[in-house]
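Take a look at these structures.
First chain A sits with chain B, and in the next complex the same chain sits with chain C.
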Partner chain A sequence: MATVVPARGGVAYRRRWISRATIRKSGLLGGSIILILIVVAVLAPLLAPYPPNAIQFLHTLEGPSLAHLLGTDYLGRDILSRLIFGARLSLLGPLLVVGISTAVGVPLGLLGGYAGGAVDMILGRVYDLLLGFPPLLLAIAAVAAFSPGFTTAVLAIAIIYVPLLARVVRSAVIVERNKAYVDACKVRGFRASRIVFGHVLPVIVPTIVAQATLNFGYALLDLAGLAFLGLGVQPPTADWGVMLSEGRKFILLAPEEVLAASVTIAVAVVAFNLLGDALAQRYSSS
Partner chain B sequence: MLASAMLLLASSFVVFSLIAIAPGSPLQVLLGGRKVDRATALILEHRYHFDKPFLVQYGYWLRNVVHGNLGDSIAYRDTVASVIKSRVAPTLELGLYATVLVLVIGLTLGVIAAIRRGRRTDAVASFAMLIASSISPYVSGILLIWFFAVELRWFPVFSLGTGVSGRVYHLTLPAIALALGLTALLGRVTRASLSQALGEDYVQTARSRGFRERRVIFKHAFRSAFIPVLTITGVIAGYLISGAVLVEYTFGLNGLGSLLVDSVQSRDFAVVQAIVLIFTAVFLVINLVVDLLYVVIDPRTRLAEEGS
Partner chain C sequence: MSFLRVRNLVTELRDNGGYTRVVRDVSLDVERGEFVGLVGESGSGKSMTARSIVRLLPPGAKSRGDVVLDGTSILDLAPSQLRDVRVHRMSMIFQDPRASIDPLYRCGDHLFDALHNLMGMKRVAARRRALELLTDVGIADPQWVYRSYPDELSGGMLQRVMIAGALASEAGFLIADEPTTALDVTIQAEIMAILEGLRKEKQLATLFITHDLELASMICDRILVMYAGLIVEGQTTAGIFTTPQHPYTAGLLRARPHLEHRRDRLEVIPGRPPRADEVPDGCPFSPRCAFIKPECTLRPPAVNEVSPGRFSACWRSAELADRLTP
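Presenting the complex of A and B:
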């Protein structure tokens, strides 16, 4: 990759090359962390030392010990086990958000970018409206209208990620639209749908993947934030946001749960950011 | 100006429409599942015009909102306006405190990193900003409470304090929690755009004319570097608002944000509508100011607007 970058004076060239390698390494680090998290989520029943909801009233709010490596929460549940089982919903939520927003946002972005004109303008106004709310607030209002829970939270967050992704796709399509290969397709008499899905979409897939990876991290934060406010996944389900919410009440007595959940969420989000940045960097230069 | 007004009108319609999309009748949504007898229900239905068509309902509601009548809070048995009024101050103070931190520290870090580009100062600052910009205010809030309030006992855990100095002291941890990620975001954007501007030909020209480095950076390079910084400021405003909701809840501050969360939990829908509307209006006004500042800073946008 880096070798094809034309050299523009020794120092500038070398400096860019170094930062590129660093970005690639941090992307690998992020990817490895994500892989570990996925394995943990899938193999949760094998890895967790206790069931996530095994209550032990004789062992509440205990510090780390050999029996409970990260201690226990206010109901005597093993924090490590809840963290491991929590990975399932905490990763499934953002996965659904990214899936829904991709399924809706990519076609809308392709349509607006390729068709242009009135269609593009109307879509743009709708995005402006959805993004005119401060982030999370529309989701909070939606939770108020429906009822708090995993499904409401996922749908409410997904609605906000549709315009975000659609805009990225739209600008990528506008760049591609004026390139020679699109003209060549037109000359050969291909239909617009064939040009867009068969020729333009494959070119911008890397851009979509990079943006979706970044969005995964942000959606994870948003969903954990909603659960933390008591507006997302509800207790006693094992979920990182729920652990934050429950652990916060005992931060003075036993900070283990809230610290473990905070650090896990922070590490997961940084991992998705590193990978997303590396992917964006890699494909923007090619 | 007109576009912002239209956008605000459209968002008010979305906020109002939620009551119609929500499961159950509008009255049930407004009452949040509380039971009332038939006569009261009829009175309320008439008062809120639920017996009229949807758009007429919206018209009445909008007229009331414009007149400062935001409806009644079911949980507090008071008007929404007076419930909200008592909660504005902490949110405003927290927001201003955090804004000052974001602007002062974010711009400073970004400028330093850009000037020292490629050196160790830049590497350390950039890495710290990369990590910090991935951290959400509730995570940083919890970590700050644990470290500075529980372990070190430098700051109080959950309270607002009295007097000006007490207020500043008590709001310090929440403001840092709110500002941390956004400071890093502003710093990263400032670094990127300023270091790009510093490589441009006109900056070299200014240097070769013998202007002092300070003047080159702040007068010549910063002017064009400021456009992306301004753009991200509009984005940051939104995160400050939604971050304030999370931070107030984390630190137990009695502001508008924690009132919003309480109201969603107690299904006090009129209060939720009002707070979402206020926050959205503030967000749109800030973005309007940002749009106006573009014109002040970049004469090209002025010409473009006159041309169209």
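Presenting the complex of A and C:
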């Protein structure tokens, strides 16, 4: 048999819109930003120059100064300090959303993908139903039915995120299910549960991590949206969405708070997207 | 009654709402210690026959007929009973060992898992037995193979691990589905030697599936030739090569390359095997048959016993006997 050497510039080296190396670097950038955000959230009391709820009526709606690097809000609270403390709930929320939706979505995806047939079809239609609504609208309905607050908002968003993860897991399972080693396990007499958890799940963990990372960014945005609407974290607790909502009233007078909060949210979401995309590409089977 | 007895097995696969019949009435027997070759082209239904016997079919597939392994009717088993039969009484080795072993686990885990978790052996005993099994399949350094991951081993070595895994169950029945197709010829010879050794030692009833007539002739006591989901001929290995009963078998034999009398071109059977959805009425081989008669296209020929132990599904077996001999 002749040896085939792929020619440079041939199909094997097809150009991409963004090269793999670029995606890898941007993933590194995203990861670094996320790491910094986490450190800031954990060390908030050490890093923040003021307590997040220290009111100074003599210094309301001030612009940036040496004393207040990002200025103060309408109660004279230090915006930078609130931003730093706000990182805690603003990151904890998405973390819980991703945690809950993974804990529920992965088993459902494994079940649907491996069992196939009617089970898979029914689950699929339920996902369609959930995904048919705009997520924020569903969350608003859920929050309205119960009481507004951090827990309700997190639970509502978590439920909406279940199908996103379950679907990704399901399709990954279907690919694995048809592989020869799964047949080999079956014919040796292993139970389906053992095949799924012992052999299929470990292979698709990278896919799950990548999707969960992407979902983290979206969840952060959705939770901030709910807080902005007054349905999530409640004032006076420091949270990026709450800051957006409070700063909005004085946007013409002092745009610092809105600017600071929205830029922070945007940077965080983009960071999670960059990392998620890089992970997805790194572990895609192509 | 024979150890494995298959009667009138029919298997249909689901595709786009309909069913395609890939195994169309197959009957066969395998005795203890007997090596039976199931030979056919790609798509002839040989793998599907094997998979029907162990009930390893794609979702939505249906099988009917009788598959009786040592008194147990396989097609009637509930899932938990089927699992039990698979653990203790049947094993299977596959075409591509690299795809059939989970690359995330060490080769030793592959054996240990079966012995400890399925067979219920104690940890120490299971480990010792796994090493013994690796030695049995001709591995010189079982400790090293036990510790290795599949990607560290060659294909031949992995196929030995697969065979060791199949032996772990102490099952009396083995299906070998093209076990050497993914390996090169020298390794193929080694694997065949291992299988031959096991047959003698363990009295395994083996169904050996291959598309390679010569390979089957090396090891099989009897050979069954499949075409379009049917067994068209079955007899002893020597009989297949000296006195084929079916025009298809005769055609296959003539199409082999010969070292002694070399020709510029190999002989061929005109046409190609029908897809499962285009099998003609009557004899499935009739469109390609050199001996076709009008009755061949009317009714499918029954499998008839030409002489004791020699079966053929051809209307004209008796009258063609002399003309088919190569």
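By definition in this document, the second predicted complex is superposed on the first by the 268 of 286 C-alpha atoms of A that agree within 3 Å, B and C clash if a C-alpha of one lies under 4 Å from a C-alpha of the other, contacts with A are read in each partner's own complex, and residues count from 1 in each chain.
Here is the rule we use: a contact is a pair of C-beta atoms (placed from the backbone, for glycine too) under 8 Å apart; a residue touches a chain by one contact, two chains touch by 3 or more.
Values in this document were obtained by computation on a predicted structure and should not be read as measured data.
The superposition on chain A brings chain B alongside chain C with room for both.
Contact with chain C, but none with chain B, is seen for A:Gly117 once the two complexes are overlaid on the shared chain. In the superposition on chain A, A:Lys186 contacts chain C only, with no contact to chain B. When both complexes are overlaid on chain A, the residue A:Leu136 reaches chain B alone and has no touch with chain C.
Judged by the touch definition given at the top, the superposed model places A:Gly217 against chain B, while chain C stays out of reach. Applying the stated contact rule after C-alpha superposition, one finds that A:Pro202 touches chain C and leaves chain B untouched.
Of the two partners chain B and chain C, it is B that touches the larger number of chain A residues.
When the shared chain is aligned, no partner comes close enough to touch A:Gly31: not chain B, not chain C. Once chain A of one complex is fitted onto chain A of the other, the partner contacts of A:Leu252 are limited to chain B, with no touch recorded for chain C. When the shared chain is aligned, no partner comes close enough to touch A:Gly149: not chain B, not chain C. Smallest inter-chain Cα distance, chain B versus chain C, after superposition on the shared chain: 6 Å. Chain A residues in contact with chain B (one complex) as well as with chain C (other complex) do not exist.
Interface of chain C with chain A (complex): residues 54, 56, 58-60, 83-88, 90-92, 94-96, 99-102, 104, 113-114, 117-118, 162, 165, 169. Of all residues in chain A, only 15, 128-129, 132-138, 140-146, 148, 217, 221, 224-225, 228-231, 244, 248, 251-252, 255, 258-259, 262, 265-266, 269-270, 273 touch chain B in the complex they form.
Note for the complex: chain A touches chain C at residues 116-117, 178-181, 183-191, 194, 199, 202-203. Across the complex, chain A is touched by residues 7-8, 10-11, 14-15, 18-19, 21-23, 29, 118, 130-131, 133-136, 138-139, 142-143, 145-146, 150, 157, 237-239, 241-242, 245-246, 249-250, 260-261, 263-265, 267, 269, 272-273, 276, 279-280, 283-284 of chain B.
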